[in-house]
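Just dropping this structure here.
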Amino acid sequence: MSPERTVEELPQAETTTATSEPAPLEPAAPTLGELVRSRVKQIRKGDVGSLSVYLGLILIWIVFQLINNRFLSDDNVHNLARQISYGGVISLGVVMVLLIGEVDLSIGSVCGLGAAILAVLVQNNGWNPFLGIVATVAAGGVLGALQGFIRTRLNVPSFIVTLGGLLLFLGLQLRFLGKTGTILFPFGGTISQLEGRSLAPVAGYALATVAVVCFLVLGLISRRRHVRSGVSAPPLGLLVIQVVGLAVVLFVVVWELNRAVGVPLALIIFLVLAVFFWVLITQTRYGQRVRAVGGNAEAARRAGINVDRIRVSVFAISGAMAAAGGVLSASYVGAASQDLGGSTLLLYSIAAAVIGGTSLFGGRGSAWSAVIGWLVIGSIYNGMYLLNLVSDLQYMVIGAVLVAAVIVDSISRRRATT
Amino acid sequence: AEVQPSRSSEGGCTIAFLLPENTTPRYEAKDHPLFLDAVKAQDSSCKVLYFNAANAADKQQQQAESALAQGAQVLVLDPANVNSSAAIVQEAKAKGVPTVAYDRTAGGPLAYRTGFDNVEVGKTQANAMIKAMQAAGHSSGNIVMINGAPDTTGAFFKQGAHEVFDKSGYKIAAEYDTDGWSPTNATTEMTQAVAKIGAHDIVGVYAANDTLAGAAVTAMRQANISPIPPVTGLDATDEGLQRIVLGTQYMTTYKNLKAETNAAAKVAILLAHGKPVPPAPMVKNATGDDVPTQLLPPIAVTVDNIKSTVIADGFATSAEVCGGGAADACARAGITG
Amino acid sequence: MTTEHENGQGRVLLSLAHAEKSYGAVHALQDVAFEARAGEIVALVGDNGAGKSTLIKAIAGVSPADSAQITFEGSPVTVATPQDAAKLGIATVYQDLALCDNLDVVANLFLGREQLLMGPGRTARLLDKIDMAKQARALLAGLGARIPNVLARVEDLSGGQRQAVAIARAILGEPKVVLLDEPTAALGVAQTAQVLQLLRRLKARGLGVVVISHNLADVFAVADRICVLRLGRNAGEFSTSEATHEQVVSAITGLTSSSDLGTGRELHGITTGGDLA
Amino acid sequence: MSPERTVEELPQAETTTATSEPAPLEPAAPTLGELVRSRVKQIRKGDVGSLSVYLGLILIWIVFQLINNRFLSDDNVHNLARQISYGGVISLGVVMVLLIGEVDLSIGSVCGLGAAILAVLVQNNGWNPFLGIVATVAAGGVLGALQGFIRTRLNVPSFIVTLGGLLLFLGLQLRFLGKTGTILFPFGGTISQLEGRSLAPVAGYALATVAVVCFLVLGLISRRRHVRSGVSAPPLGLLVIQVVGLAVVLFVVVWELNRAVGVPLALIIFLVLAVFFWVLITQTRYGQRVRAVGGNAEAARRAGINVDRIRVSVFAISGAMAAAGGVLSASYVGAASQDLGGSTLLLYSIAAAVIGGTSLFGGRGSAWSAVIGWLVIGSIYNGMYLLNLVSDLQYMVIGAVLVAAVIVDSISRRRATT
Amino acid sequence: MTTEHENGQGRVLLSLAHAEKSYGAVHALQDVAFEARAGEIVALVGDNGAGKSTLIKAIAGVSPADSAQITFEGSPVTVATPQDAAKLGIATVYQDLALCDNLDVVANLFLGREQLLMGPGRTARLLDKIDMAKQARALLAGLGARIPNVLARVEDLSGGQRQAVAIARAILGEPKVVLLDEPTAALGVAQTAQVLQLLRRLKARGLGVVVISHNLADVFAVADRICVLRLGRNAGEFSTSEATHEQVVSAITGLTSSSDLGTGRELHGITTGGDLA
C-alpha cells in the first residue's frame, strides 16, 4: 500500500505546466475599450461612486432649469457651490467611518460645537482666527478620537457611543453659546469672510490649469513606472481622455463661477480635501488598511494590523472633518448658533455618502461619493427654494426627488447589466 | 452676471417673505396668507417669493440667497435665528437689497422693523397669570414654567416673564425650555412637573404659547387635576380661545397679525419701488445698527374680552371659537347669542 | 527529491506545553503539548473538531489559549496577539483563509507589510502598487496558481484561487515557522502537488513547517513527523518513516487495535433515519 | 497503482467508531447549573438582550431615586410606564428591521403621520375610533411595504429609501394636519382616554396571574414533549425559577402601579405586543426565516426562501408598528400635532433596540431588547425632567448617562469572561 | 460493497448543453455540456478556476448561466432561481457551504423546509423544534459527524463540522439529483469515508449524484464516470472502470502525453522571487 505515490508523481507534471503553458496571471495590456468596460463595471459595483447617479443629477438639473431658468444662472451656481461645501467636508469624514463599517451620529453635534468653540475662542477670547480654526478642528479630532476610544476599548456599539456624543456635544454647544444662544462673527471679519471669499477670475483658471497639469504629469510618471517594471500599463488613450475630461469640467465650472464673483473659497477647500481623501483612501498604506478593516476586521487583525488604532484614528478624522464643516458653516451663517448642525445635517451627510456609492456595511467607498452625493442633495434643496413651496410640499418634493434620483441610478445600472 | 436684480427695469416688484418655522401654527396658517393678501391689496403687480426655514438658520440663509438669485428687491425677514440673521441682512445689502425685519428683530443694517416687543409679551403673560392666581386666593405657591424654544423668541418671552415672576413671591417649582416648541415634549414636561411637585400644589402654569398650553392642560387633566390652575398662552389660536371659553386655559396673548402684515407689506412695497420708508422711532438692534422701528402692543385676551378683541378684529370668528362643544360655554360667556 | 540538512536542522524552534482552551462547555484543548523543529515538516492530524485549528490559532495569537507555556527558540514567550506571532516570525494560513474580500489580490498578499514608494512617496506612506503587483505575479506563478488578474478582487476568485492567495501571503514575510491549516483542501491536483513541493523547499531552507491535513496520503508524502490530536488531547506522535497508515488512523479514531474493525453497523443514521430510508 | 485502496479500507473502521464510541451528539441532559451558565453566556453574546444592561438600569434607578425620592413613587412609575410604551411599540418594529440587517429611518415620520391620519379619520370625518385605529395601522403597514418594495425591487439602499420616506411622510403629516398644525382629540373621548386608561386593580392582578399560569403550562407541555421525544429536556428546576421570577416581577409591578391608578392600557399593549414578537421571532417559521435572511441572505436565498418577500413584510411590520406607536402617542398627547414623531424619536427607537442587545448588522436580536432599551432611555428622560435641568445640562446628562449605562454593561460582560 | 441496479438506473435525469457564462472579461463557461444519470455518480474535476463551481451554481439556479439548454427527466426546463431547482428535486452542497452562521445546526438543516407543530401550532406556523432536533441528531450521527450539540450555532463549529451540516442539509429533502461541490474538503478521514459511503447509498437509491473533488483517489473510488473541465470548456469524459489516473490528470492539466513530464523548472516563482530566495 503506497497511497503517497499518486501524489509524488504529480509535482513534475504540474511544475512543467507552469512553464510550458504559463498561467494567465495577467492578460496582455488591456486595450482602451476593455479598460473602459471594466472600469464601468467596477464603478457599477459601487466602488468609485455610482457612475449613473450622474444621470440622476443631470435629470434633476434639467427639470429644475425647465421650471425656473434662474436655476443654472451664474449666481445660483455660485450659491450651490457654497451650500454644498460645508456638508461635503463633513461627508468626507463620514466616508471614512462608513469604510470601516461603523457609524458616527455625533457629526452634526460636533459641527455645531465646532462653530461654538470657534466663536468662543475668536470672538470672546480674541484668538487669532486661524489659530482658532486650527484649535477647533483639533478639538473635533479629539472628541472623535475619544468616541473611537470608547467604541474600541469598551466595545460599545458605535451607534450608542456616538448617540451619547450627539447629546453630550449638543449640550456643550448650548453651554458654550451662553444665554443668548448665538455668537456673531462681525460682518467683514476674517471668519465671516472666509468661505464666501472668491478667487480672482484669473486665479481660478490658474488653479484649474495646475490641477490638470499635475494630473497629467502624475499619470505619465505612473505609466513610465509601469513600463519599466514590465507590468502592463493602462493605455495612453485612457490618460488622454481623462486629462481632457478633467480639463473641460474644471474650466467650465470656473468659467461659470467667474461669471458670478469667482470660485468661492469654500468650494476650493472642499475639493482639495476631497482630492486629499481620495489619495489617502486609494494610494496610501493607511487607506488600504482602513479598507481592510472595513472588509474583514478579523483578517486585518490577523495580518498584524492594529485594528483599534485604525478605528480610533478614523473616528478622529470624522470628528475633525465635522468640526471643519462647523467652521465653514459658521462662516457661511456669520454666527455660531444653537441650531447649527442638527439631525438633518447628520442624515444628509450620511445620505450623501451613500448616494455617492459608499456602502453602509464597510469596505467600499470613495471620497468622490461625498462630492457627487452633496451635488445631488444640494441641487434638490437649492431647486426647491426656487419653487417657493409651503413646508409640507417642500418635504414631499425633496423626499420624492431623492428617491427618484437614486432609482434612476438603480434602473440604469440594471439595464446595463441585462 | 446676466440678470442683476434690477430695481426699475421690470414693471412689477418682487418681495421675498422669509418665515422662520412651521411648528407653530401661526406662520403658515396666518402670517403667510395675511401677508399675501396685504401685498395684493396694496400693489397687485408685486410678486411674493415665500420661504419657510423650518427653524434652521443656515437653511434660511440658503433661502435668502435663493431669493436674491431670483431677483428679489426687498427681503421681509422673520429670522430663524435672531442674532445670526445679520449675515443675511448684510449679504442682501451688499447686493443692494434692503431688508425689513418682520415680527422678530434681526441683526445687521436693517431698513425697517415691524413687530412686537417680545419681552413685553412675556411680561403681559406673567402679569395676567398673577392677577388670576390672586383672584383664586393664592398670593404665593408653586408655579410651573413651560417656556418655548430657547433659540427663538421663546428666550424673550422667558426673559419678560421672569422679570415679573422673580419678584412676585411665587416659587418657580419646575421650569422647562421646550425645544422646537414641541407639544409632545411639553406633555411629558408637565407630567413630570406634576410628579415632582404633587398634583394639588400647583397654583399656576406659565405656558409660552397656546400649543404648549394645550399640552400642559392635557397632562394636568390626565393627572386628574381639577380645577385646572390658571394657564397662559400666546397667538390666540382657535384651540386656545376655545379652552379659554371652556375655562381650562386662563388667557392667551394676542398679536394683531393683520395690522402687522399690513405694515410690513406697506414698507416692503415702498422699498421695492425705491421709495423712502415712513418715519418711525430709531432703535438700536443687537448689532448696534439704528433701525426705524414700529412696535405693536400685545393684548392679553381672557374670556372677558374675546369678543371685543380677536373676534372684533376678524382674527377669529365666533363659529371657530365656539365649535366642538364650546357652544354652551360661549353662550354663557356672552360671545354668541 | 532529497532532504538537505544545513543551518541547525532539527533544533526545536517552537514548543508549546500544557495548552488549555475552553469554549464554554466545550473543552477544545486539554493539556496539549506540541513542538515544531527547524527543517522539519510536522503534520497535525485528527478528527473534525479535534482541536487542530484551535491549537494553530493559539500559537498564532489569534485566539490565545486559556493557559499554555510557549517557548520560541528556547526562550519562553507570550503570544497574545497576531502581532506577537508575526514578530517572532510565525506565519499562518488559516482554515477560513482570513482574506479581505473587498481588496484585490495584491493588497491581500501584502496586507500588514505593504511596500512603499521611494523618496517623498515614502514619507507620505504611498503604496508602491506597481512593484507589489510584479512581486505578486511572480509569487503566484511559483505556486502554479491560476489567477487571471492580480488586481481582481478576492471575492471574485474561485475557492482554490483564494486558497492559493492565502498560502502565498504566509510565505511572503520570510517567516521562521509556517503554520498551514488545511492548505490544500480546495486546491487542484496540480496546485496541491506544487504546495507540497513548496513545503519541502521551506523545510530545506530550515524553516519549521506545521501542516494540518485530512489527507493521510499527502501527510505521509511530505511530513517527517505526525502529531495526532483526539478530542482536544494529544493522542500520539509518529515518525513518518516508522509508522504505518493504520497506526495513525487508529490514533485519530481512538481504536487501539485493528481487531475492532469491520464489525459495526454501517452508517447507522442513514439506515435508521426515517427520512433517508 | 491503486490509490483508492486507502480510502476503501476506511469506511468500516469509521462506521464502527460511530457505534462503539457514539459521537457525543448531545451531552446528557444538562444540569440546572450548566444551563444557567450557558444561558448567561448566550445572553452575553447579545442574543436575548444583554443581561448586564439590567445592571446599568438598576444603577440609573438608584441614582435618580437618591437625587429625588419621587422618582420611584407610584405616580412616577405610572408615568414612566406610559412614557416608554409608544416608543417601545415602535422599537418592536425596529428590532425586526435590524434583524434582517436593514434600517428604517421613516419610523418617526410614519408615527407622526399615523397620528395625523387617525385624527383626520376620527375627528374630521367622524369614523368610529377603533375602525380609525385599524385603518391607521394598516396604512402604516402599506407605507412600510411600499418602501420595502422599492428597496428590494429597485435595489436602492434602505437608508436612502427610508430617508426619502421620512421626508415624504413628514410632508404628508403636515398636509393632513392642515393650516393649524394640530388636531385635538377632545379630552374624555375614546382616543384621548385610550393609552392612559388604567385597569382596575383586581384586573391587573388577574392579568398577571393568567400570564404566569400560561407560562407554567406551556413550559410543562414543552417538557413533556421533550421527554417523549427522547430529547434531553431542560431541568425542572429552571422552569420553577423562571416561573417564580416572572411572578415576582409581574406582581411587584402591578402592585406599584395599582398604588397609583392601576396598570395603564399603554403598558399592557406594549407588553402583549412584545410577547407576540418574541414568539414570532423565536418560535415561528417566519421568524426563523427573518433571522436567516439577516444572518446570510445568500444562504437563505439558496435555501429557497423568498428573501424579497421577507424583506417587504418586515418593512410592512415596521411601518405598522410605527403607526401603532403614533396612535398611542396621539392618545398620550391628546392631539395629533406637527412635532409628533421626529428625529429624536427615530434615534431613540433604534438606540433602544441596540441598547437592549439587538445587532445593527442583522441576524441577532430579541423583542425584549425593545423593552429593556426603552426602560433605560425612558428612565433617563423621566429622571431628567424630575431634576429640572436647563436644556444644555439636560442633553449632556442624558448623553453621559446613556453611554455610562452601556459601558457598565460592557465592563460587567468583560469581567465575567476574563 | 456492490452496486445494485434497480429503479431505472442509467436513465438521464439532468442534462445541460451549450452552457455559457461570463464574469466580465472572464469566460467561465464556454459551450459546456454535462449529464447526470439516475443511479450513477459522476465526478466533475478540473483545475482551480476551471469553472466547476460556476457550472454547479448554474444548475442549482443560484447564478444562472448566460445561456444554456437544460433538460430534466427528458423535458426542457429553466432553472432561474434556487426555488426552481428545489422544485425539480435538485439539492446542492456549495463550496462556500452557504450556512447561516447566526442560526443553530437544526435551523440550518431545516431552513426552507421547517417542520411545524400539529394542531393549532400548525395554523400559527409554530416550529416543531423538538422533532427537528431529534431528526437532526439521527441524520448527523449517520454521517459520523462529531457535533457536540445540535443546538450550537454554526459559527461555533469547526470547519469539518460545518461541512457535515451542509451535506446533511442537502440529503434531507429527498432530492432526485444531488450536487456536491468539494463535499469532503474539510472532512476528517473517517468522515470522508462516511460521506463516500453515503454517496454510494444515494446512488443505490437511484439518485443522480454529481460530486466535485480534487482528490482523484476518492474520485476513482466512488465515481462511475468522470467529467473534466479545463479553462471553462469540456476537456474529456472517462468511465472510471476504463480510464487511468494519468489520463485524467492529462485532461485536467491539458498535457496530452506523459512525455512532457518532468522537465520544467520547479516552482519558478519561489526560486526567482527575490523575497523568497
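For reference, chains read A, B, C, D and E in written order, and residue numbers begin at 1 within each chain.
In this section, a residue touches a chain if its C-beta (ideal position, glycine included) is under 8 Å from a C-beta of that chain, and two chains touch if they have at least 3 such contacts.
Note that the coordinates shown come from a computational prediction; the quantities given were computed from them, not determined experimentally.
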Which neighbours do subunit A and subunit E have in common?
-> C, D
Contacts common to subunit C and subunit D (chain labels) | A, E
Report the inter-chain centroid distance for subunit B and subunit E in whole angstrom, where each centroid is the mean of the CA atoms.
-> 74
Separation of subunit A from subunit B, taking each centre as the mean of its C-alpha atoms, in whole Å = 41
Using mean CA coordinates as chain centres, what's the subunit C-subunit E distance in Å?
-> 25
Check each residue of subunit A and list the ones that touch at least two other chains.
-> 1, 3, 6, 10-11, 13-15, 17-18, 27, 174, 342, 344, 391, 394
Mind pulling the residue numbers of subunit B that touch at least two other chains?
-> 22, 28, 150
Contacts with two or more other chains occur in subunit C at residues 25, 140-142, 144-148, 189-192, 194, 197, 216-217, 245, 249, 253, 266-269
Where on subunit B is subunit D touching in the complex?
-> 22-25, 28-29, 150, 174-177, 179-185, 187-189, 191-196, 199, 211, 214-215, 218, 221-223, 237-239, 324-325
In the complex, the residues of subunit C that touch subunit A are 60, 62, 82-83, 86, 92, 94, 98-103, 107, 111-114, 116, 124-127, 129-131, 133-134, 137, 140-142, 144-150, 189-194, 196-197, 216-218, 220-221, 245
For subunit A, which residues count as touching subunit D in their complex?
-> 1, 3, 5-6, 103, 105, 150, 154-157, 159-161, 163-175, 342-344, 347, 350-351, 354-355, 360-361, 391-400, 402-403, 406-407, 409-411, 414
Quick one: in the complex, what on subunit E touches subunit C?
-> 23, 25-26, 46-50, 53, 95-96, 135, 138-148, 156-161, 164, 171-172, 174, 182, 185-192, 194, 197-198, 201, 214-217, 249, 252-253, 266-276
Flag every residue of subunit D that touches subunit E in the complex, lowest number first.
-> 1, 3-4, 6-8, 10-11, 13-15, 17-18, 22-27, 222, 225-226, 229-231, 279, 283-286, 288-289, 291-292, 294-296, 298-306, 363-364
